[in-house]
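Order as written gives the chain letters A, B, C and D; numbering starts at 1 within each chain.
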Amino acid sequence: MTNTADFPSPDFDPEDVQPAGWLGADEIAAARRQLPLVYVDAVPVRVDESGDVVAVGLLLRVNRDGVMNRALVSGRVLYHERIRDALLRHIEKDLGPVALPQIPASPQPFTVAEYFPTPGITPYHDSRQHAVSLAYVVPVGGDCRPQQDALDLAWISPEQACSESVQAEMYGGQGVLLRQAMAHVGRLA
Amino acid sequence: MTNTADFPSPDFDPEDVQPAGWLGADEIAAARRQLPLVYVDAVPVRVDESGDVVAVGLLLRVNRDGVMNRALVSGRVLYHERIRDALLRHIEKDLGPVALPQIPASPQPFTVAEYFPTPGITPYHDSRQHAVSLAYVVPVGGDCRPQQDALDLAWISPEQACSESVQAEMYGGQGVLLRQAMAHVGRLA
Amino acid sequence: MTNTADFPSPDFDPEDVQPAGWLGADEIAAARRQLPLVYVDAVPVRVDESGDVVAVGLLLRVNRDGVMNRALVSGRVLYHERIRDALLRHIEKDLGPVALPQIPASPQPFTVAEYFPTPGITPYHDSRQHAVSLAYVVPVGGDCRPQQDALDLAWISPEQACSESVQAEMYGGQGVLLRQAMAHVGRLA
Amino acid sequence: MTNTADFPSPDFDPEDVQPAGWLGADEIAAARRQLPLVYVDAVPVRVDESGDVVAVGLLLRVNRDGVMNRALVSGRVLYHERIRDALLRHIEKDLGPVALPQIPASPQPFTVAEYFPTPGITPYHDSRQHAVSLAYVVPVGGDCRPQQDALDLAWISPEQACSESVQAEMYGGQGVLLRQAMAHVGRLA
């Protein structure tokens, strides 16, 4: 999971949908520790004319301990936000405004990654929270430039994506999720 | 969406996973109005030897206004609960302990139903909250007895499930979701 | 199913893969009546920036009896041809060379349509043969011009696609398949 | 792919559907080298109460060269046979009549394995033919006894199924297909 903040999209006005008893940031943070959160994970890919995946894009980040790691595009779904809008928002946030992602027409994810605060219950782990993440493979056709806290966006082959060296640089089960994505597109090595 | 309360499963002890700053029921209720909630929807079916759907089970309920309606098995996923355990729990809660559901081996849902508090944004609507519901078709092999607030469980054919009269008795977009389930199993009428 | 002939793609040379005992056209035609054939069905769609389907493309044809009908893009998979290449070939054959289809990265179809020569066994029927068709929703971004025997390509809304008047103009179960596609993308009306 | 013969199911009478110009066995064999064939692959699994895969069943066979190998349940779909009936027939043929398979309610496969006679085009290979195989994970609840040419049916854990030693005993890309199945059920190791 990424550590980036979740900013609402510009055309989203919480005032429109705000019921009585609105909680403050601290209480929302506490609630995040008592309710499973809805997330999306996106695996950005380059495809050829026949739709075959030729490259996978991974974000390169340095974590709080100064260790390099590779990550998928990942983030929270906001109140009153559609899954497809959350996917678009997070991809634009991480890959820039001209990545031209092809958001899937169908909401059916290729899998659901259940990030548990306790390790070992599922292959996915997030010490901060319980997140239920809908995972999608998203072809991007435009120019991708890493944004915010990412140092780089590296395009690697499906074979490299499944390699031990790349898997060792991914955390919280995202390496498994990446290989599940490659299995889904017929490119598991 | 059902109106039934969500009781944790007996072997779930929130104390085990409770971090600091635990919120009270009121605050959780408020949080439910500011965060999308994770739900599951299950379409209980009877199948023949070849897996072909021969009947669909719908709960018959009377709502707060005294109007009869038909509903799918539906409910919230709890903190620290797996999707598959939530599915099992809600099916047992609504259909009884000997329904013998065949919970899907794969977490991939046939669709994701996004229930919005504002009608018209998606085909699904829940005035109480924003719920993101993973939807599954679940064959049940055992004896089903409606529990709690349900008056009856009616088994109808896939054709009847898609009929206007049945669709008219379903609310919040569950009629659409039921037809999507029938489309998924190749029995859309 | 379309009535168009299946021409191999230009870069396919059957000589490369031809084993001994190659059959003539008549025998292949006979074999087509004794073996299930592999087909693909494509539902061409226009999507918005968030991937939401805004229009569906249907081919307008006149059949042998002079009756107008609407059809999906459909055709046979050739010997030694990949599913994704067959999809691309049939879309270009029916929609022209600049349709710019986004062939799915995953080979997982949204459903499998089993066209039987005997009506009533499945929702799909083809009097000429038994075809097992892998069905995909394919967003097209470019300019579509109906080719060959099609009179027109009409773009209609998902709601219209599910309407009785459009359904009445589709044959062999393609109307059901189209509604299954709309169910898959969350636009079943 | 298995080497077992494909016997029609007892209640299938080809006379009912036989058109003029029926080909002999030799010609059908020749046609099989000029048309892609429709196959099914089944990954038999044991699941727990929550649907989680706890074991995978693999057939143990000795090939023509006397080498041991492990295989999935696999076989051809016959003319005028539904996918779900072909799945049931092949599972009963390989695992015996009391395996009690839970044939999927939906025809949507988790992937499509394209076995090419030429190696390297896809991850799957079959020197005899071009087969397009719809792949399903099938929970079996009953007693499984290997039939015909299989020496044994071994139940192994999902982790073992993904291990190098098991993968090395699988041929034609079935090792990859098995790992794709494990990815689909959330048990890729």
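As a working rule, a residue touches a chain if its C-beta (ideal position, glycine included) is under 8 Å from a C-beta of that chain, and two chains touch if they have at least 3 such contacts.
By chain, UniProt protein names: A, B, C, D = NUDIX hydrolase family protein.
Bear in mind the structure is a predicted one, so any value in this text is a computation, not a measurement.
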| item | value |
| --- | --- |
| Chain pair with more C-beta contacts, C-D versus B-C | C-D |
| Same-site or different-site touching of subunit A by its copy subunit C, using the half cut | same |
| Subunit C and subunit D: spacing of chain centres that average the CA atoms, whole Å | 27 |
| Centroid distance [mean C-alpha coordinates] between subunit C and subunit A, Å | 33 |
| Between subunit B and subunit C, centroid-to-centroid distance (C-alpha), Å | 34 |
| Subunit C residues counted as touching two or more neighbouring chains | 82, 106-108, 110-111, 122, 184, 186 |
| Touching residues (chain side subunit B, partner subunit D) in the complex | 45, 47, 49-53, 82, 84-85, 87-88, 102-108, 110, 137, 139, 184-186 |
| Residues of subunit A defined as touching subunit D within the complex | 111, 122-123, 176, 179-180, 183-184, 186, 188 |
| Residues of subunit C defined as touching subunit D within the complex | 17, 19, 21-23, 26-38, 77-83, 106-112, 114, 116-118, 121-122, 130, 132, 134 |
